[in-house]
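Comments concern the structure below.
Chain naming follows the written order as A, B and C, and within any one chain the residues start at number 1.
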Amino acid sequence: METLTPASTCRHARIHITTRHPTEFIDLTDRLERLVADAGLHVGFLNVQTLHTTTAVVVNEHEPLLLTDFQALLEAAAPGDGRYQHDDTTARTVNVTDAERPNGHAHCRALLLPSSACLNVMQGRLLLGQWQRVFLVELDGPRERDISVFIFGEAGQ
Amino acid sequence: METLTPASTCRHARIHITTRHPTEFIDLTDRLERLVADAGLHVGFLNVQTLHTTTAVVVNEHEPLLLTDFQALLEAAAPGDGRYQHDDTTARTVNVTDAERPNGHAHCRALLLPSSACLNVMQGRLLLGQWQRVFLVELDGPRERDISVFIFGEAGQ
Amino acid sequence: METLTPASTCRHARIHITTRHPTEFIDLTDRLERLVADAGLHVGFLNVQTLHTTTAVVVNEHEPLLLTDFQALLEAAAPGDGRYQHDDTTARTVNVTDAERPNGHAHCRALLLPSSACLNVMQGRLLLGQWQRVFLVELDGPRERDISVFIFGEAGQ
(Lines give C-alpha, C1' and ligand atoms only; values in the text may rest on other atoms or scores of the structure.)
Protein backbone atom coordinates (compact mmCIF):
# COMPACT_ATOMS: atom_id res chain seq x y z
CA MET A 1 0.00 0.00 0.00
CA GLU A 2 3.03 2.27 -0.01
CA THR A 3 2.04 3.68 -3.38
CA LEU A 4 -1.17 5.24 -2.09
CA THR A 5 -1.27 8.96 -1.68
CA PRO A 6 -1.52 10.48 1.78
CA ALA A 7 -4.87 11.98 2.67
CA SER A 8 -5.54 14.64 0.09
CA THR A 9 -7.91 17.57 0.20
CA CYS A 10 -9.62 19.18 -2.76
CA ARG A 11 -11.97 22.07 -2.06
CA HIS A 12 -13.72 24.86 -3.85
CA ALA A 13 -15.12 28.08 -2.42
CA ARG A 14 -16.60 31.30 -3.71
CA ILE A 15 -16.09 34.81 -2.37
CA HIS A 16 -18.59 37.53 -3.13
CA ILE A 17 -17.46 41.17 -3.08
CA THR A 18 -19.43 44.38 -3.47
CA THR A 19 -17.01 46.99 -4.79
CA ARG A 20 -17.56 50.69 -4.13
CA HIS A 21 -15.29 52.63 -6.50
CA PRO A 22 -14.39 52.69 -10.22
CA THR A 23 -10.89 51.45 -9.35
CA GLU A 24 -10.37 49.63 -6.08
CA PHE A 25 -7.93 47.17 -4.52
CA ILE A 26 -9.74 44.75 -2.21
CA ASP A 27 -7.41 42.79 0.07
CA LEU A 28 -8.46 39.11 0.00
CA THR A 29 -5.56 37.76 2.08
CA ASP A 30 -7.34 37.20 5.40
CA ARG A 31 -10.22 35.41 3.68
CA LEU A 32 -7.83 33.18 1.71
CA GLU A 33 -5.83 32.35 4.83
CA ARG A 34 -9.05 31.31 6.62
CA LEU A 35 -10.02 29.04 3.72
CA VAL A 36 -6.62 27.32 3.89
CA ALA A 37 -6.91 26.89 7.68
CA ASP A 38 -10.47 25.52 7.38
CA ALA A 39 -9.34 23.01 4.76
CA GLY A 40 -6.78 21.62 7.20
CA LEU A 41 -4.16 21.62 4.47
CA HIS A 42 -0.53 20.88 5.34
CA VAL A 43 1.17 21.30 1.97
CA GLY A 44 -0.46 22.21 -1.33
CA PHE A 45 -1.63 25.20 -3.29
CA LEU A 46 -4.50 27.59 -3.79
CA ASN A 47 -5.72 29.10 -7.05
CA VAL A 48 -7.77 32.29 -6.73
CA GLN A 49 -9.51 33.25 -9.97
CA THR A 50 -11.71 36.20 -10.76
CA LEU A 51 -14.85 35.46 -12.80
CA HIS A 52 -14.96 38.86 -14.53
CA THR A 53 -13.24 40.50 -17.51
CA THR A 54 -12.84 43.97 -15.97
CA THR A 55 -11.10 42.86 -12.77
CA ALA A 56 -7.76 41.30 -11.93
CA VAL A 57 -6.03 39.36 -9.16
CA VAL A 58 -2.62 40.71 -8.15
CA VAL A 59 -0.10 40.10 -5.39
CA ASN A 60 1.69 43.15 -4.05
CA GLU A 61 2.09 45.35 -0.96
CA HIS A 62 -0.89 46.83 0.86
CA GLU A 63 0.36 50.37 1.28
CA PRO A 64 -2.34 52.97 0.51
CA LEU A 65 -0.07 55.44 -1.32
CA LEU A 66 1.36 52.63 -3.44
CA LEU A 67 -2.19 51.71 -4.46
CA THR A 68 -2.63 55.27 -5.78
CA ASP A 69 0.62 54.80 -7.76
CA PHE A 70 -0.83 51.61 -9.24
CA GLN A 71 -4.00 53.50 -10.18
CA ALA A 72 -1.90 56.19 -11.92
CA LEU A 73 0.06 53.50 -13.78
CA LEU A 74 -3.14 51.87 -15.06
CA GLU A 75 -4.54 55.28 -16.04
CA ALA A 76 -1.38 55.96 -18.06
CA ALA A 77 -1.46 52.54 -19.75
CA ALA A 78 -5.14 52.72 -20.75
CA PRO A 79 -6.62 56.20 -20.08
CA GLY A 80 -10.20 56.36 -18.86
CA ASP A 81 -10.96 59.07 -21.44
CA GLY A 82 -9.21 57.25 -24.29
CA ARG A 83 -11.04 56.01 -27.39
CA TYR A 84 -11.92 52.33 -27.45
CA GLN A 85 -13.74 50.62 -30.29
CA HIS A 86 -15.38 48.38 -27.68
CA ASP A 87 -17.27 51.49 -26.47
CA ASP A 88 -18.65 52.36 -29.93
CA THR A 89 -22.20 51.06 -29.56
CA THR A 90 -23.02 52.13 -33.12
CA ALA A 91 -20.42 49.65 -34.43
CA ARG A 92 -20.71 46.83 -31.87
CA THR A 93 -22.69 43.74 -32.89
CA VAL A 94 -21.43 41.19 -30.34
CA ASN A 95 -22.25 40.83 -26.61
CA VAL A 96 -24.29 44.05 -26.52
CA THR A 97 -26.50 44.17 -23.41
CA ASP A 98 -28.94 46.70 -21.93
CA ALA A 99 -26.48 47.25 -19.09
CA GLU A 100 -23.65 48.19 -21.52
CA ARG A 101 -21.37 50.91 -20.23
CA PRO A 102 -18.18 52.33 -21.74
CA ASN A 103 -15.48 50.18 -20.18
CA GLY A 104 -12.93 49.55 -22.94
CA HIS A 105 -10.27 51.08 -20.68
CA ALA A 106 -11.15 48.58 -17.93
CA HIS A 107 -10.81 45.58 -20.27
CA CYS A 108 -7.46 46.94 -21.52
CA ARG A 109 -6.18 47.39 -17.97
CA ALA A 110 -7.37 43.87 -17.14
CA LEU A 111 -5.41 42.53 -20.12
CA LEU A 112 -2.19 43.83 -18.55
CA LEU A 113 -2.87 42.19 -15.16
CA PRO A 114 -3.33 38.54 -14.16
CA SER A 115 -6.84 37.12 -13.80
CA SER A 116 -5.71 34.59 -11.19
CA ALA A 117 -2.97 33.87 -8.67
CA CYS A 118 -1.64 30.41 -7.89
CA LEU A 119 -0.14 30.43 -4.38
CA ASN A 120 1.69 27.70 -2.50
CA VAL A 121 0.69 26.36 0.93
CA MET A 122 3.33 25.17 3.42
CA GLN A 123 3.03 23.95 7.00
CA GLY A 124 -0.66 24.71 6.94
CA ARG A 125 -0.27 28.34 5.88
CA LEU A 126 -0.69 30.29 2.67
CA LEU A 127 2.89 31.06 1.69
CA LEU A 128 3.34 34.80 1.26
CA GLY A 129 6.39 36.98 1.74
CA GLN A 130 6.54 39.67 4.42
CA TRP A 131 4.86 42.34 2.27
CA GLN A 132 2.78 40.19 -0.04
CA ARG A 133 -0.99 40.59 0.02
CA VAL A 134 -3.50 39.26 -2.51
CA PHE A 135 -5.90 41.76 -4.08
CA LEU A 136 -8.96 41.64 -6.23
CA VAL A 137 -8.56 44.69 -8.47
CA GLU A 138 -11.83 46.33 -9.48
CA LEU A 139 -11.34 48.19 -12.77
CA ASP A 140 -14.96 49.05 -13.66
CA GLY A 141 -16.80 49.50 -10.36
CA PRO A 142 -18.83 49.74 -8.41
CA ARG A 143 -20.15 46.24 -9.10
CA GLU A 144 -21.05 42.89 -7.58
CA ARG A 145 -18.11 40.52 -8.07
CA ASP A 146 -17.50 36.79 -7.61
CA ILE A 147 -14.20 35.05 -7.07
CA SER A 148 -13.48 31.34 -7.21
CA VAL A 149 -10.96 29.67 -4.89
CA PHE A 150 -9.66 26.14 -5.43
CA ILE A 151 -7.52 24.52 -2.75
CA PHE A 152 -5.64 21.27 -3.13
CA GLY A 153 -3.02 19.39 -1.20
CA GLU A 154 -2.21 16.96 1.56
CA ALA A 155 -3.98 17.22 4.88
CA GLY A 156 -1.92 17.60 8.02
CA GLN A 157 -1.83 15.09 10.89
CA MET B 1 -9.38 3.71 4.82
CA GLU B 2 -10.99 7.10 5.40
CA THR B 3 -7.72 8.88 4.76
CA LEU B 4 -7.52 7.76 1.13
CA THR B 5 -8.19 10.29 -1.53
CA PRO B 6 -11.28 9.94 -3.72
CA ALA B 7 -10.66 8.88 -7.28
CA SER B 8 -8.33 11.46 -8.76
CA THR B 9 -7.65 12.29 -12.37
CA CYS B 10 -4.43 13.66 -13.79
CA ARG B 11 -4.27 14.26 -17.52
CA HIS B 12 -2.17 16.03 -20.07
CA ALA B 13 -3.13 17.09 -23.59
CA ARG B 14 -1.64 19.16 -26.38
CA ILE B 15 -3.42 21.54 -28.71
CA HIS B 16 -1.89 22.48 -32.06
CA ILE B 17 -2.84 25.79 -33.67
CA THR B 18 -1.92 27.24 -37.05
CA THR B 19 -2.13 31.02 -36.72
CA ARG B 20 -2.85 33.21 -39.73
CA HIS B 21 -2.00 36.81 -38.76
CA PRO B 22 0.87 38.74 -37.12
CA THR B 23 -1.38 39.42 -34.11
CA GLU B 24 -4.32 37.13 -33.47
CA PHE B 25 -6.55 36.07 -30.60
CA ILE B 26 -7.51 32.38 -30.92
CA ASP B 27 -10.39 31.37 -28.65
CA LEU B 28 -9.47 28.08 -26.92
CA THR B 29 -12.49 27.90 -24.61
CA ASP B 30 -14.55 25.25 -26.41
CA ARG B 31 -11.54 22.97 -26.77
CA LEU B 32 -10.65 23.37 -23.06
CA GLU B 33 -14.24 22.67 -22.01
CA ARG B 34 -14.23 19.48 -24.06
CA LEU B 35 -10.99 18.33 -22.41
CA VAL B 36 -12.53 18.87 -18.97
CA ALA B 37 -15.69 16.96 -19.96
CA ASP B 38 -13.67 14.10 -21.45
CA ALA B 39 -11.60 13.83 -18.26
CA GLY B 40 -14.79 13.28 -16.24
CA LEU B 41 -13.58 15.77 -13.66
CA HIS B 42 -15.94 16.91 -10.90
CA VAL B 43 -13.79 19.43 -9.02
CA GLY B 44 -10.22 20.43 -9.83
CA PHE B 45 -8.25 22.74 -12.06
CA LEU B 46 -6.74 23.12 -15.50
CA ASN B 47 -3.46 24.79 -16.42
CA VAL B 48 -3.13 25.91 -20.03
CA GLN B 49 0.42 26.87 -20.96
CA THR B 50 1.83 28.16 -24.21
CA LEU B 51 5.14 26.64 -25.32
CA HIS B 52 6.37 29.74 -27.16
CA THR B 53 8.03 33.02 -26.20
CA THR B 54 6.13 35.25 -28.65
CA THR B 55 2.63 34.20 -27.63
CA ALA B 56 0.51 34.57 -24.48
CA VAL B 57 -2.53 33.04 -22.80
CA VAL B 58 -5.13 35.55 -21.61
CA VAL B 59 -8.66 35.46 -20.23
CA ASN B 60 -10.98 38.23 -21.38
CA GLU B 61 -14.11 38.92 -23.43
CA HIS B 62 -14.51 37.70 -27.01
CA GLU B 63 -15.82 40.86 -28.61
CA PRO B 64 -14.15 41.60 -31.98
CA LEU B 65 -13.85 45.38 -31.51
CA LEU B 66 -12.35 44.86 -28.06
CA LEU B 67 -9.72 42.60 -29.62
CA THR B 68 -8.73 45.50 -31.91
CA ASP B 69 -8.42 47.68 -28.78
CA PHE B 70 -6.12 45.06 -27.26
CA GLN B 71 -4.02 45.07 -30.43
CA ALA B 72 -3.73 48.88 -30.27
CA LEU B 73 -2.71 48.65 -26.60
CA LEU B 74 0.05 46.15 -27.39
CA GLU B 75 1.21 48.29 -30.33
CA ALA B 76 1.48 51.31 -28.01
CA ALA B 77 3.35 49.35 -25.33
CA ALA B 78 5.91 47.82 -27.73
CA PRO B 79 5.63 49.34 -31.23
CA GLY B 80 6.17 47.04 -34.17
CA ASP B 81 8.52 49.59 -35.77
CA GLY B 82 10.42 50.27 -32.53
CA ARG B 83 14.13 49.51 -32.12
CA TYR B 84 14.97 46.30 -30.28
CA GLN B 85 18.49 45.08 -29.61
CA HIS B 86 17.17 41.53 -30.01
CA ASP B 87 16.66 42.36 -33.71
CA ASP B 88 20.24 43.52 -34.27
CA THR B 89 21.67 40.45 -35.97
CA THR B 90 25.08 42.14 -36.24
CA ALA B 91 25.31 42.22 -32.42
CA ARG B 92 23.47 39.00 -31.50
CA THR B 93 25.59 35.99 -30.52
CA VAL B 94 23.04 33.83 -28.69
CA ASN B 95 20.14 31.71 -30.08
CA VAL B 96 20.68 32.94 -33.65
CA THR B 97 18.96 30.64 -36.17
CA ASP B 98 18.49 30.58 -39.93
CA ALA B 99 14.79 31.31 -39.39
CA GLU B 100 15.56 34.47 -37.38
CA ARG B 101 13.08 37.30 -37.94
CA PRO B 102 12.82 40.70 -36.25
CA ASN B 103 10.41 39.99 -33.37
CA GLY B 104 11.73 41.98 -30.41
CA HIS B 105 8.36 43.74 -30.22
CA ALA B 106 6.59 40.37 -29.97
CA HIS B 107 8.82 39.20 -27.10
CA CYS B 108 8.25 42.52 -25.30
CA ARG B 109 4.48 42.24 -25.71
CA ALA B 110 4.65 38.64 -24.44
CA LEU B 111 6.54 39.86 -21.35
CA LEU B 112 3.53 42.02 -20.42
CA LEU B 113 1.02 39.15 -20.77
CA PRO B 114 0.73 35.80 -18.96
CA SER B 115 2.16 32.67 -20.58
CA SER B 116 -0.39 30.44 -18.85
CA ALA B 117 -3.79 30.46 -17.17
CA CYS B 118 -4.75 28.33 -14.20
CA LEU B 119 -8.54 27.87 -14.16
CA ASN B 120 -10.77 26.15 -11.63
CA VAL B 121 -13.18 23.32 -12.41
CA MET B 122 -16.44 22.94 -10.49
CA GLN B 123 -19.34 20.53 -10.92
CA GLY B 124 -17.69 19.08 -13.96
CA ARG B 125 -17.30 22.39 -15.79
CA LEU B 126 -14.48 24.82 -16.45
CA LEU B 127 -15.35 27.73 -14.19
CA LEU B 128 -15.56 30.93 -16.23
CA GLY B 129 -17.60 34.07 -15.70
CA GLN B 130 -20.31 35.13 -18.14
CA TRP B 131 -17.93 37.00 -20.46
CA GLN B 132 -14.71 35.12 -19.81
CA ARG B 133 -13.06 33.30 -22.72
CA VAL B 134 -9.54 31.87 -22.86
CA PHE B 135 -7.33 33.00 -25.74
CA LEU B 136 -4.01 32.02 -27.18
CA VAL B 137 -2.52 35.35 -28.27
CA GLU B 138 -0.32 35.14 -31.34
CA LEU B 139 2.19 38.03 -31.30
CA ASP B 140 4.55 36.99 -34.13
CA GLY B 141 2.43 35.08 -36.64
CA PRO B 142 1.61 33.41 -38.77
CA ARG B 143 3.18 30.35 -37.18
CA GLU B 144 2.60 26.78 -36.02
CA ARG B 145 1.93 26.82 -32.27
CA ASP B 146 1.63 24.21 -29.52
CA ILE B 147 -0.17 24.54 -26.21
CA SER B 148 0.01 22.22 -23.23
CA VAL B 149 -3.02 21.52 -21.03
CA PHE B 150 -2.78 19.81 -17.64
CA ILE B 151 -5.98 18.77 -15.85
CA PHE B 152 -6.15 17.54 -12.28
CA GLY B 153 -8.88 16.88 -9.76
CA GLU B 154 -11.42 14.48 -8.38
CA ALA B 155 -13.55 12.45 -10.74
CA GLY B 156 -17.32 12.69 -10.47
CA GLN B 157 -19.63 9.79 -9.57
CA MET C 1 -9.64 -0.54 -5.42
CA GLU C 2 -9.75 0.82 -8.96
CA THR C 3 -10.84 4.23 -7.71
CA LEU C 4 -7.61 4.88 -5.84
CA THR C 5 -5.21 7.39 -7.26
CA PRO C 6 -1.84 6.23 -8.54
CA ALA C 7 1.12 7.11 -6.39
CA SER C 8 1.08 10.87 -6.08
CA THR C 9 3.86 13.22 -5.14
CA CYS C 10 3.48 16.55 -3.39
CA ARG C 11 6.66 18.50 -2.61
CA HIS C 12 7.75 21.93 -1.60
CA ALA C 13 11.16 23.51 -1.99
CA ARG C 14 12.74 26.91 -1.54
CA ILE C 15 15.36 28.58 -3.67
CA HIS C 16 17.51 31.38 -2.28
CA ILE C 17 19.02 33.92 -4.66
CA THR C 18 21.44 36.77 -4.02
CA THR C 19 20.85 39.35 -6.75
CA ARG C 20 23.61 41.71 -7.85
CA HIS C 21 21.99 44.49 -9.90
CA PRO C 22 19.02 46.89 -9.66
CA THR C 23 17.34 45.03 -12.53
CA GLU C 24 18.37 41.46 -13.23
CA PHE C 25 16.97 38.35 -14.91
CA ILE C 26 18.06 35.21 -13.04
CA ASP C 27 17.49 32.00 -15.03
CA LEU C 28 15.89 29.43 -12.70
CA THR C 29 15.25 26.76 -15.34
CA ASP C 30 18.07 24.33 -14.50
CA ARG C 31 17.21 24.43 -10.80
CA LEU C 32 13.51 23.82 -11.50
CA GLU C 33 14.30 20.93 -13.85
CA ARG C 34 16.45 19.33 -11.14
CA LEU C 35 13.61 19.65 -8.60
CA VAL C 36 11.22 17.89 -11.00
CA ALA C 37 13.75 15.11 -11.65
CA ASP C 38 14.44 14.65 -7.93
CA ALA C 39 10.70 14.40 -7.22
CA GLY C 40 10.45 11.48 -9.65
CA LEU C 41 7.35 13.02 -11.18
CA HIS C 42 5.88 11.51 -14.35
CA VAL C 43 2.98 13.88 -15.06
CA GLY C 44 1.95 16.90 -13.01
CA PHE C 45 2.76 20.54 -12.55
CA LEU C 46 5.08 22.95 -10.79
CA ASN C 47 4.20 26.36 -9.34
CA VAL C 48 7.12 28.73 -8.82
CA GLN C 49 6.21 31.76 -6.71
CA THR C 50 8.30 34.71 -5.67
CA LEU C 51 7.91 35.83 -2.05
CA HIS C 52 8.64 39.50 -2.74
CA THR C 53 6.70 42.52 -4.01
CA THR C 54 9.50 44.04 -6.11
CA THR C 55 10.31 40.93 -8.14
CA ALA C 56 8.47 38.86 -10.74
CA VAL C 57 8.55 35.41 -12.32
CA VAL C 58 8.42 35.38 -16.12
CA VAL C 59 8.85 32.85 -18.91
CA ASN C 60 10.66 34.04 -22.03
CA GLU C 61 13.83 33.62 -24.09
CA HIS C 62 17.29 33.82 -22.52
CA GLU C 63 18.96 36.04 -25.07
CA PRO C 64 21.12 38.76 -23.46
CA LEU C 65 20.17 41.58 -25.87
CA LEU C 66 16.48 40.73 -25.46
CA LEU C 67 16.89 41.10 -21.69
CA THR C 68 18.15 44.65 -22.27
CA ASP C 69 15.02 45.27 -24.41
CA PHE C 70 12.89 44.03 -21.49
CA GLN C 71 14.72 46.38 -19.15
CA ALA C 72 14.05 49.33 -21.50
CA LEU C 73 10.37 48.33 -21.69
CA LEU C 74 10.05 48.30 -17.90
CA GLU C 75 11.90 51.63 -17.65
CA ALA C 76 9.42 53.14 -20.13
CA ALA C 77 6.39 51.72 -18.30
CA ALA C 78 7.49 52.90 -14.84
CA PRO C 79 10.55 55.19 -15.03
CA GLY C 80 13.13 54.90 -12.28
CA ASP C 81 13.19 58.68 -11.91
CA GLY C 82 9.38 59.02 -11.94
CA ARG C 83 7.39 60.35 -8.98
CA TYR C 84 5.74 57.73 -6.79
CA GLN C 85 3.64 58.52 -3.74
CA HIS C 86 4.96 55.31 -2.20
CA ASP C 87 8.38 57.02 -2.05
CA ASP C 88 7.10 60.08 -0.17
CA THR C 89 8.26 59.25 3.34
CA THR C 90 6.74 62.49 4.67
CA ALA C 91 3.27 61.24 3.70
CA ARG C 92 3.64 57.48 4.29
CA THR C 93 2.12 56.05 7.47
CA VAL C 94 1.90 52.33 6.59
CA ASN C 95 4.69 49.68 6.38
CA VAL C 96 7.45 52.24 6.97
CA THR C 97 10.69 50.53 7.98
CA ASP C 98 14.23 51.65 8.75
CA ALA C 99 15.39 49.95 5.58
CA GLU C 100 12.95 51.95 3.43
CA ARG C 101 14.28 52.89 0.02
CA PRO C 102 12.56 54.62 -2.89
CA ASN C 103 11.21 51.71 -4.92
CA GLY C 104 7.77 52.79 -6.16
CA HIS C 105 8.98 52.16 -9.71
CA ALA C 106 9.92 48.59 -8.79
CA HIS C 107 6.48 47.87 -7.29
CA CYS C 108 4.81 49.34 -10.40
CA ARG C 109 6.94 47.21 -12.71
CA ALA C 110 6.12 44.16 -10.57
CA LEU C 111 2.40 44.94 -10.94
CA LEU C 112 2.73 44.53 -14.72
CA LEU C 113 4.49 41.15 -14.47
CA PRO C 114 3.38 37.83 -12.98
CA SER C 115 4.47 36.89 -9.45
CA SER C 116 4.36 33.17 -10.24
CA ALA C 117 4.44 30.68 -13.09
CA CYS C 118 2.48 27.44 -13.20
CA LEU C 119 4.23 24.98 -15.54
CA ASN C 120 3.19 21.53 -16.66
CA VAL C 121 5.29 18.39 -16.25
CA MET C 122 5.14 15.57 -18.81
CA GLN C 123 7.10 12.34 -19.11
CA GLY C 124 9.17 13.33 -16.14
CA ARG C 125 10.26 16.69 -17.56
CA LEU C 126 9.30 20.29 -17.00
CA LEU C 127 7.39 21.13 -20.17
CA LEU C 128 8.96 24.15 -21.85
CA GLY C 129 9.09 25.17 -25.48
CA GLN C 130 12.38 25.37 -27.39
CA TRP C 131 13.13 28.95 -26.32
CA GLN C 132 11.28 29.09 -23.00
CA ARG C 133 13.27 29.73 -19.84
CA VAL C 134 11.94 30.68 -16.40
CA PHE C 135 13.34 33.82 -14.80
CA LEU C 136 13.19 35.48 -11.44
CA VAL C 137 13.13 39.18 -12.30
CA GLU C 138 14.85 41.41 -9.75
CA LEU C 139 13.37 44.92 -9.93
CA ASP C 140 14.88 46.51 -6.81
CA GLY C 141 18.24 44.87 -6.27
CA PRO C 142 20.71 43.97 -5.16
CA ARG C 143 18.88 41.95 -2.48
CA GLU C 144 18.50 38.54 -0.86
CA ARG C 145 15.48 36.81 -2.42
CA ASP C 146 13.45 33.67 -1.68
CA ILE C 147 11.36 31.67 -4.09
CA SER C 148 8.88 28.92 -3.29
CA VAL C 149 8.41 25.90 -5.55
CA PHE C 150 5.48 23.48 -5.22
CA ILE C 151 5.49 20.28 -7.27
CA PHE C 152 2.55 17.94 -7.59
CA GLY C 153 1.65 14.98 -9.74
CA GLU C 154 1.85 11.27 -10.32
CA ALA C 155 5.12 9.45 -9.79
CA GLY C 156 6.55 7.44 -12.65
CA GLN C 157 7.17 3.68 -12.54
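One rule holds for everything that comes next: contacts are C-beta pairs under 8 Å (C-beta built on N, C-alpha and C of every residue); 3 or more make two chains touch, one makes a residue touch a chain.
Since the structure is predicted, the reported quantities are computational estimates derived from the model, not experimental observations.
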Cα superposition of subunit A onto subunit C: how big is the rotation, rounded to the nearest 5°?
-> 120
Compare the two sides of the subunit B and subunit C interface and say whether they are made mostly of the same residue numbers, over half shared, or of different ones.
-> different
Per the C-alpha centroid definition, the whole-Å distance linking subunit B and subunit C comes out as 19
In subunit C, which residues are in touch with two or more of the other chains?
-> 4-6, 8, 77, 112, 114, 118, 152
In the complex formed with subunit A, which residues of subunit C make contact?
-> 4-8, 10-12, 47, 49-53, 77-78, 84-86, 88, 91-92, 94-95, 104, 107-108, 110-112, 114-116, 118, 146, 148-150, 152, 155
Using the touch definition up top, name the residues of subunit B that touch subunit A in the complex.
-> 3-6, 8, 43-45, 58-66, 68-70, 73, 77, 112-114, 117-122, 127-132, 152-154
